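Paired with chain B in one complex and with chain C in the other, chain A is shared by the two complexes that follow.
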Partner chain A sequence: MILVIAEQRDGKLNRATWETIVGAQQLAKVSGAPITVLVPGAKAAGVAAELAAAQTNEVVTVEHAALEPYTPDGFTATLQAVIAQLSPAYVFLPHTYQTRDFAPKLAARLDRAIVTDVTAVKAVAGETAFVRPMFQGKLTADIVPQGPAPHFITFQIGAYRIDQVVKGPAAAPLRALDVTVDASTIRQKPEAPFQQARQAVDLSQAERIVSVGRGIKEQSNIALAQQLAEALGAEIAASRPICDAGWLPMERQVGSSGQTVAPKLYLALGISGAIQHLVGMKGASTVVAINKDPDAPIFEIADFGIVGDLFEIVPAMIAALKA
Partner chain B sequence: MKIAVCIKQVPNREWQPRLDDSKTWIREQDAAFEMNEPDAYALEEALRLKEKHGGEVVVCSAGPARVSQVIREALARGADRAIHVEDDGLASADAFTTADALAAAMKEDEFDLVLTGLQSDDQGFAQVGVVLAERLGRPHATIIMEVQIGDGGSQRPPSPGLRVKRELEGGWFQWVAMPLPAVLTIQSGINQLRYATLKGIMAAKKKEIRKVSPTSLPAGASAGKQKIVSLYVPEKAKKTQIIQGSPAEAAKELVRKLRDEARVIA
Partner chain C sequence: MAVVAFWLLFVAFVGAFAAQVARRVQLIAGAPNTFSTDNLRLRANRFLVDVVFQARTIRERPMAGIAHALVFWGFVAFGAYTLTEFLRGLGIVDLTHSGWFNVYRVMLAPFAVAVLGGILYLLIRRALVRPVALGTKVSLESIVIALFIATLMTTYLLTFQLAEGTMAERVNWWVHMLVILAFMALIPASKHFHLVVSPMTVFLKSPELGNLPNLDFEKEQVGLETVKDLGSKSVLDAFTCVECGRCQVNCPAWGAGKELNPKTIILQTQEALLAGTRDRKLGEMYSDKVLWQCTTCGACENQCPVGIEHLPILIGSRRGLVSNGDAPDYLGAMYNNLERRSNIWGLGYDQRAKFVQSAGLETFDPATHDVLVWLGCAGSFDADFQKSLRSLFAILRAKDVRCGVLAKERCTGDPAKRTGNEYMFQELANGNIEDLKASGVKKILTSCPHCVKTIGNDYRKFGYDVEIEHSSVFVEALLRKNSAALSATGSAAFSGPRETVTFHDPCYLGRYAGKVDEPRNLLTRFGADIVEPERNRDNPYCCGAGGGLLFADKEEEPGSRISDVRFKQLQATGATTVVTACPFCSIMLKGAQASAQADTQFVDLMTYVKDRL
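And then the complex of A and B:
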């Protein structure tokens, strides 16, 4: 059985869960394994009813004091008890920050394999292999998890499209699980989540974005990218290292820890295209990459590319736009 | 405060990937290596905590002999001593193998705080810090952007204890308190990195590097819990039109295509 662990907070589903269900359905199509979706946490019932639309064998909920608020200790202890009851062959999760916080601990507790940041499932010589990026996306690996079940697999956000979910003819049956967990073993005391400052810049609505990465080399060169943005009628944005260095404010960061954007035009200047950046801009309709490295992963998702020196190309573009 | 920082040596950013004959790992002899960037931030955070609260910073690394280069660099930046778990098999080891090797080597020191980068730029598991916490029996928190240590004076953070700022997705954050000893994985950008000074480089030569040989490493490169059956250059998801020509010609042609073909600019 494939156990999909849904992610929700306060009754609101994290939509990456749907993508993980697609991953489970694709493996089930080949292996014939049944799928169980687990919704942990308070107010799970509404989310469970929503997820029951997908073609699976059942949706189970588990509500326990150890799950609220989220802590890695509480999730590990509770899910350990759930896994002992359900005995899955695989445990599938979306590769969210929350999953990254507890799933390796759960796998280590059970001493079972965990393959993270997976983008596809495939058969290799009769074995089920999981495809994941390595070396900042420069290479891809097919991984076969080793040792006894269950094997934990976390799926990269954007690995599948939500519209790939196969809906069932009728809602999947719902069931509530009872587990015994000692909540006094939880050592973390979390406070309420907060947003640092109100986002003054909403890049998600931008039609055109010029985004800069490490290839811009120096803070003083940001002005050049800004001139191009003005000529294109675009907002300026950046990959994480540029904001870490303070060359542009954090609110202009695109990627998993920043904003998710879907402009008509995304022009990447000197951005290599690490996964953490790509997940934030995959939704752009036209992607242009300008980079000196022909093997930069950004070219894998670009519609148009120029391999070369951005300090020569960008001034020429500005001139061409003004001509 | 006794602080351990786990650092990894990874191929540098300019490295062009080349595969070995087995097509399951890279040709190490072609690669130039550097300190994993998130680990550099973890080291900086450890040094700042030591400056504020006193104690010592111990660098721990699991890898082949070449790893001594980044250990020296960390010592030059201000770490006090180092533990090197040395084995060729650790170059391509999975997260469990690495965490087990580090946990065994670190046990006798009984560190108050263990810091790692949130993930490595090579295999990118984002697992070692969390698995290490479980192996050491310590509480943990991941993707940390600020660290506060209780000084006994206030209730918050608990004393002795920690209060840390976790980064959540989409610009959200959360403070989490926990007792010491603990393990944290540090996010890039938590601080501004320092560089080694000449004095630091000279001083590093006299600092202790304790070499440990791993006791129970699985035989072979990736014989842990994950087997790499194939490593390859990724297939392109989109058909990219690479525009050729001089910079001026290519720029002009790109602008034309964006106007006339993609119709994304006026």
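And then the complex of A and C:
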């Protein structure tokens, strides 16, 4: 059985969990192993219901006082108890900061193999191997974990695309799991999580971004871009001149001296595409550029390019989105 | 009686002088030896130009410089006079009645007048005009020294008026000699110590601007961490500083209102050395904030009239910080890019391959190609700068120059070297040197002045010797040959309309490589009337990109952006076209232009030439 450990906080799912489910489904397709998704922590029910859409054998929740707030000791102890009950062959986790915090400890506690930052699963000479980068990505290694089960596997964020998740014909059955954990083994007392003030706007997590450049011409025109952003449900961002001029706050600057973003959609309005801007958005999945200069470097990297006047195109887009 | 008194005074004052000098010599001798005397010819030449003819002193401040030269030459001229008077005063030998001395004494008169004029000018300048470079408060000691010098000259001139043996003549002689003795005792602890050491410092200054010998990791060298790590040349530098502030007023960071002041760096070094705080952390002493404000433009070092090298201290301290993991966040991101992708942008090399293919470039083969074109990080990835390279390739093709490129390039390591990440620099450099050696290249051509410096100077320190030229130099020579054949006058066949442009000298081309005429010749030959900006040729004002600052956040930069200051200087020429010759200057200045909402046109030198070929 493949046990996927979901990650959530306050009932909000970390989307990397979906990617890990893809990894599990790909292995299950070959080995035929059943998949169990475990949602640990308070308010797990909503997340479990959401994850039940994927084709798995069951989704189990475990809500225990030892899990809230998050501590590596609490998670290790709880998951140790869960693993003892379910005895999986593999434990799959998204390679998040939280996973990095407790998974090595959990594997060490159980004296089991762990393969981290995995990008793919494949068969090597009849055995299941996990592919991971080595030496800063210069090499990749196929690793076959040895020793008794379970083997711990953490998947690199972005190893799989979320839209590769196979949905089930019906929702997977839900089950709540009871475990006994000695809460006195928890040695950490964490403070409430907080966000560093400097980056009040975290564009790196935005799924859609409307970004404006000098082609916007006047400060008053920023409103037009803002309307488009609202219609798209996107964050607004800008290139350096706009933030230098104070038309948008510094924290919305994208580029080598601003934030680095990786949205699904990056809509560049009147951005020429200077290299120091491009490096801040190179992770975007789809880049749409509107610029009146057909030679603008932004078109070199755009998936879709519109050569024209953004003051004609943007209102038309807003109208179409609202229709 | 008088002889005994003079001996006592002589021993006391010269003893004071010697004790102070000994302390400084001890500090220099105790420091890790960084003296070198390679390239004697260049050193001798520089000694002649900068010490004997005072060129660097005069160049930037002609009036004050000439006044200083008059005082300097006067001092030299008076050397034998002073010696003769001392020999007499000490009762060793009296040569003052010999024929040659009297001829010599008379010949000194015009020198004395010149010194008086010079010192009076300098005194007024320091006490009343008070230029910013000399500091905010008037140095009392400098005023005293100036008055001493004036007294020496006056007492000398009075000897022609006073009959020998008279009371007045004796008093005059004693005043003269006592002033010299007091002067000597004052010298070592003051900026006037440069009288004694600056000729040596100038001679010992590296022939290469911004000379940064490789760290030897086998010997566990990690750069400069504390005061005791400063090399002997840096210690000598600290005692040589004359506090003229040329480094300060030419520093682009200081000019843009940042905390960095190269003069302060040197004076802080001096203070720490004398205080004996050998374990003081340099990152704290200079402030790590200040250390990261240097663009490594080299203006301080290049303008210094007494041979001080600022960059080994600034970058050496950065090395110490980086070795301890204390680099700013934006550099951490850039180092990651260099480590993972071997380029500053962190982009994949498929993009370079795409450009190489679309530009129709072949992999270099010494059998078929004349030169190897080094693309660099900008040429490999920056679509904007690639336009300039396409222009270069068009020019080369038009003139039947066959060129190729390496199949694979890494960043030369310039941003790593200049920000003190020596380990990363050496990794990149060794990889590139291996590939360059394997390619069999004899001559490299590049449009990036930083690559010229790094491959041309820094790679040489690994024993790899290759000729590398900036495209402006290569193309200028290429088209010169060609146009000479075309027209009898040797001037260009260009007959289009002339255009007023201004040219921004890249620091690494104009100042480091000294190539200032080649780009101008090209521009003029192809129809440009150049209006020079303030700060040009071999002393340009930096665009703000060097030393890793291309990646700095605005919030991490107090004062104005250096690029904004430079852009205003270029705008002030009135020219609406700015010609650039470095990808990083182009990025910075275009950024400044966009922020200023100005209509200035930027064109790279190669594109300018190609469009008019």
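To be clear about the criterion, the second predicted complex is superposed on the first by the 200 of 323 C-alpha atoms of A that agree within 3 Å, B and C clash if a C-alpha of one lies under 4 Å from a C-alpha of the other, contacts with A are read in each partner's own complex, and residues count from 1 in each chain.
Throughout what follows, a residue touches a chain if its C-beta (ideal position, glycine included) is under 8 Å from a C-beta of that chain, and two chains touch if they have at least 3 such contacts.
The structure displayed is predicted, hence computed values, not measured ones.
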Chain B versus chain C as contact partner of A:292, first or second or both or neither: neither
Of chain B and chain C, the chain that contacts the larger number of chain A residues: B
Contacts of A:214 with chain B and chain C, given as first, second, both or neither: both
Which of chain B and chain C A:258 touches, first, second, both or neither: both
Partner chain(s) touched by A:273 [first = chain B, second = chain C, both, neither]: second
Chain B versus chain C as contact partner of A:129, first or second or both or neither: first
First, second, both or neither for A:137, with chain B first and chain C second: both
Contacts of A:313 with chain B and chain C, given as first, second, both or neither: first
Contacts on chain A seen with chain B and repeated with chain C across the two complexes: 136-137, 214, 240-241, 243-244, 250, 256-258, 260, 275, 297, 300
Chain C - residues contacting chain A, complex: 330, 333, 339-340, 345-347, 378, 381-385, 550-555, 587, 590-591, 594-595, 597
Residue ranges of chain B in contact with chain A within the complex: 11, 13-17, 19, 26, 95-96, 99, 118, 121-127, 130-131, 133-135, 139-143, 158, 166-179, 187-189, 223-238, 240-243, 247-248, 250-252, 254-255, 257-258, 262, 264-266
Sites on chain A touched by chain C in the complex: 136-137, 214, 239-241, 243-245, 250, 256-258, 260, 273-276, 278-279, 282, 297, 300
Residues of chain A touching chain B in the complex: 71-73, 96-98, 100-102, 104-105, 107-109, 112-117, 124-125, 127, 129, 133-147, 187-196, 199, 208, 214, 232-233, 240-241, 243-244, 250-251, 256-260, 264-265, 272, 275, 285-289, 293, 295, 297, 299-309, 312-314, 316-317, 319-321
